[in-house]
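Each of the next two complexes has chain A plus one more chain, namely chain B in the first and chain C in the second.
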Partner chain A sequence: MTITFQPSAFSGLVDRDNGLVSREIFVNHDIYAEEQERIFTRAWLFVGHESQVAKPGDFFISSMGEESVILCRDRQGEVHVFLNSCTHRGMKVCRYDEGNTPIFTCPYHGWSFATDGSLVGVPYYKDAYHEELDKSEWGLLRVPRMTNYKGGIWASWDPQAPDFLEYIGGFRTYLDILFDGWDGAEGGTEIIGGIEKWLVPSNWKFPAENFIGDRYHNISHRSVDLVGIGPSGQGRRDNRERDGAKSLDVSFPERGHGTVIFLRPADAQPVQSYQNDPIVAEYFYACEIARKERQGELWRILGGPGTIFPNMSYLPRQPRSIAVWHPRGPDQTEVWRWFLVDRSAPPEVKEFLRQYYIRYSGPSGLTEQDDMENWNYAHAASRGAMARRLRYNYQMGQGYAVDDFEDGGLHLPGTVLDTTKARAGEQNQRTFYTRWADFMAARDWDELAGWRNGKSANGHAAQGNGAAGR
Partner chain B sequence: MVTDNVTANDAVARLLLRQDVEAFLYHEANLLDERQYDDWLDLLTDDVRYWVPMRRNVKFGELEREFTREGQDINWFDEGKPTLIQRVQQIQTGVHWAEEPLSRLAHLVTNVEITDVQPDAADAGEVSLRCRFIIYRNRVQTETDILVGRREDTLRREDGQWRIARRKVLLDQNVLLAKNLTFFF
Partner chain C sequence: MADIVNLMELESGQAVRLDNDATAEIVSNPGDGVWLFVRYLSHPDDPAQVGVEDMVFAQVITEVLSE
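== the complex of A and B ==
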């Protein structure tokens, strides 16, 4: 049974002004059920990459919240997302992970659906249904909102949701670093075959908040930093390009997205990196020069981890990848991980990155194994009757973020906390949970799209809407 | 009769080889279970390939696409000795939280079949084999994983002892049910 909460039931769980978040929102089963309704049926969710459904008939089974969906390209070449559930009796019409098919035939009673979702085959249609069933009414449930932004396919169940570009707002400046080529070429990326999928015993919000900008968890990665798996043989990443750069935590409180970036000095020049391999070093150096040429001042931005609310996180540079934290109950998350490379990169570069991605990421990755241990046992130790009465502390750097950040003539979109000296802050995490509270309280997208009237659902001022510029 | 003697000698050679190979596999499993990681690394050739593909649900007739490809796709593991050494070094830092405290491991190796011998059983320099494994992992208090699958190994004789030159691990899972793979197959 689903309890229908009044919006007021969630007030107080996120204390934005004091930087405190109730542990209940991570461990409480009723709150979890409400999240599925209020967040996952209304937000834009990442479904897959267009290169996974390149040809007509190609399909990739994805997930939106807890639910299985089919991402596919129909015979006319149009891309769709459907609920993977037969409209007759609910059976999954596809239990493969990916492939190519002219038709999805339900294994239960045989209803068949074309790749545009239409119901095209019904056994005994003439004799048992007397041709009275209106097949046009019983196609697969189409996810009503879908967009392809630079190869990334996103979808929302809410017909009232704003367009995707309005949903991300000024965050686009940062998301582009993920999907554009390293040289800045528009949407110049593709997926490397093989999507990592695994279970983590923690609430889905732990990884989402970790990726939105937790610069504080260095101790987690002490072991991998000691061993040195980075592309230049040191640390866990190659950080030379960050020399002299400012560390900035950028967030969009009225939208819930955030990322950590590094901003190179105004007079910075491309530097050589990835010196372990001359071909790779040369490729990235040439890309950096081309990107500087193409993007001017924006080239100074070096992307870091980020999260698009609610559950899509990414690493735009090293190791370039997308993670979606699919909720699987309050105590479990199914992680799906896509890896991206420049489509036009030479084979040596793709292979170099592939090996680095594998040793860094996911359950077999030297870096992320230790992240999951923390999410696992932070969650486990927050479940008890006493433990859940406490609140998590997100007070770091509170009150130090600015909405009009400017450096060397470059204005950055978003609310910016300069963490160069502080080294860490929790503005982005506060942003994430502020937005979480918005979604749990708001009746509809009129309330959720607070930037349209300068107010968010929580009543805080909305800004940071524009694109970067000088 | 000469022919019978040759056959008998050959059979004995194959029996001894099988005994030798199995003893090696059990010894190796024991090193892993006893956390003798440096000794385990010594059992790998310098050019070892260690490959654990991911596994897709695909339609009958498309089974060639079931596994992610070595050297091309993202795999759980697709690496050589340098990265394996780093994995061991990481465990040995004592601050690799995913293995600190250490896992309790039991490698059960069974269904051993020798599939190829070069040049011959009496003077084997390289042996290909397949086997099944069950890895039981228990950690911290109640954390438990059971991983079952098939392995294809190539052993090479170097300096009078067997070393692993290639290991392919076919894990019988789609979504990985374990939160990490901090151990060796």
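== the complex of A and C ==
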């Protein structure tokens, strides 16, 4: 997929060298429209989880950018992602959120499609089309790139997009903490409950940058910390496991992904947590021991919030969840929240976590309410004729990140900013907007895959920190 | 004028008549109110269709033959 345009139209909006970002990229309708083309038709996007389409005929309606897509499993058991738009007149062929069906029937004129996307029903096919319509050419539009990584279903509209594992590069080390079981078993997670969906009056990039590594906003959640909604009845989370740990902001500037992590000391041992319920406490303690045995040095990494560019964010531990920030215009985001549990966990553990997730996340969750206040009012106060002339400041910790971080023999993949003493930094946010500028400038994936030749679409050096530490 | 057939009420095993006078047994009902999967019992225009499975469109179904 090659885009023809004037690259200069977006130059200067992200001043990477000085850590400044124009407010226009959050509020400008023309820029927003270009994002749909340049970012959301080319990047890998999170669509759903395989546990949502466990049986043949199961479907889940998701979104890629602004566009509705169908995630479904066909009668042969194969998983697909299709554009939810009838190939006759464009009507949505599925208007339910999820379910099980043998066919998707367009309510407008009645064209119907099998769960493998093929066109199987055309009203008056014999009499009106004289059996001359080639049904094989009019199936639902299928994403050219789709992958199932440890249960997560990802897709891209760009046939030239790199494989998903190349897209995430060394970030895989951190993403695995989300999708693997708590005991480290590969892909041992499933979705619990329904998907929370709600609208926030803010640009989609606000929450994406918040999750990629904004430790600075902790003051916003002070009231939640005082209430004590965590699994042991204190704070927001159980943090004893972080005792003595280093606080690190990890990002991949050439790819746009980032996360905050905590690195336990080399001699750390599993600690008791989740103390409000003995069954739950025992489960997590046993999992920690198993994970330590299975993962060795990598067990020292405690995952925190992260973002896979552009709009999939997650919390890998407390509360374990996925958020996708669907763009719905420059001034609105539709938030979708999936919640994960270990597939093999006892029912008591799953229910305990469900209750914790509800307390913490979503439109009724105490922590997320704080976040929405910030995003919504920051966005509203940045839209005015005067306000939009200013730039946001992302200068914190600039120049202090390293590409060869090592601690006690453990080499971490990614560019690492040690925030143990500083307590906060904005390296990850700079990474996010650097990649945003790359996508807005690049003509194709030859330019976007800068790690292959050491150059980014904007001409800056692209580090090749793809597989270190694994 | 015949009553409009409500496909949502039909079940497998029931028979219907079509506007070309063909009759068919319902194999399955996808529940979309638009289509039925059927097997032809009779087909005056093309007797070779008897026994063949097909999808039939709601607008060509004129009558329910069996409850």
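Everything below uses one rule, namely that the second predicted complex is superposed on the first by the 459 of 470 C-alpha atoms of A that agree within 3 Å, B and C clash if a C-alpha of one lies under 4 Å from a C-alpha of the other, contacts with A are read in each partner's own complex, and residues count from 1 in each chain.
In the analysis below, contacts are C-beta pairs under 8 Å (C-beta built on N, C-alpha and C of every residue); 3 or more make two chains touch, one makes a residue touch a chain.
Since this is a predicted model, take the numbers as computed values, not measurements.
When the two complexes are overlaid on chain A, chain B and chain C sit side by side with no clash.
When the two complexes are overlaid on their common chain A, residue A:87 makes contact with neither chain B nor chain C. In the overlay built on the shared chain, the residue A:120 is in contact with chain C alone; chain B does not reach it. In the superposition on chain A, A:295 makes contact with neither chain B nor chain C. Once chain A of one complex is fitted onto chain A of the other, the partner contacts of A:276 are absent, as it touches neither chain B nor chain C. When the two complexes are laid over each other on chain A, the CA centres of chain B and chain C sit 70 degrees apart as seen from the CA centre of chain A, to the nearest 10. Ranking chain B and chain C by residues of chain A touched puts B first. Once the two complexes are overlaid on the shared chain, A:97 sits against chain B while remaining clear of chain C.
In the superposition on chain A, A:105 contacts chain C only, with no contact to chain B. When the shared chain is aligned, no partner comes close enough to touch A:239: not chain B, not chain C. In the superposed pair of complexes, A:147 makes contact with neither chain B nor chain C. Look at A:224: by the touch rule set out above, it reaches chain B but stays clear of chain C. Per the superposed model, the minimal spacing between any CA atom of chain B and any CA atom of chain C is 8 Å. Note: residues 101 of chain A belong to the chain B contact set and to the chain C contact set alike, using the contact criterion stated above.
Remark: chain B residues 52-54, 56-59, 62, 65, 68-69, 71-79, 83, 86-87, 89-90, 93, 95-99, 140, 174-182 touch chain A in the complex. For chain A in complex with chain B, the residues that touch the partner chain are 95-99, 101, 192-201, 219-220, 222-224, 226-229, 334, 337, 339, 351, 354-355, 357-359, 362-364, 366, 369-370, 372-374, 376-377. Contact residues of chain A toward chain C in the complex are 101-103, 105, 107, 110, 112, 120-121, 123-124. Within the complex formed with chain A, the chain C residues making contact are 28, 30-32, 34-35, 37, 55, 57-59.
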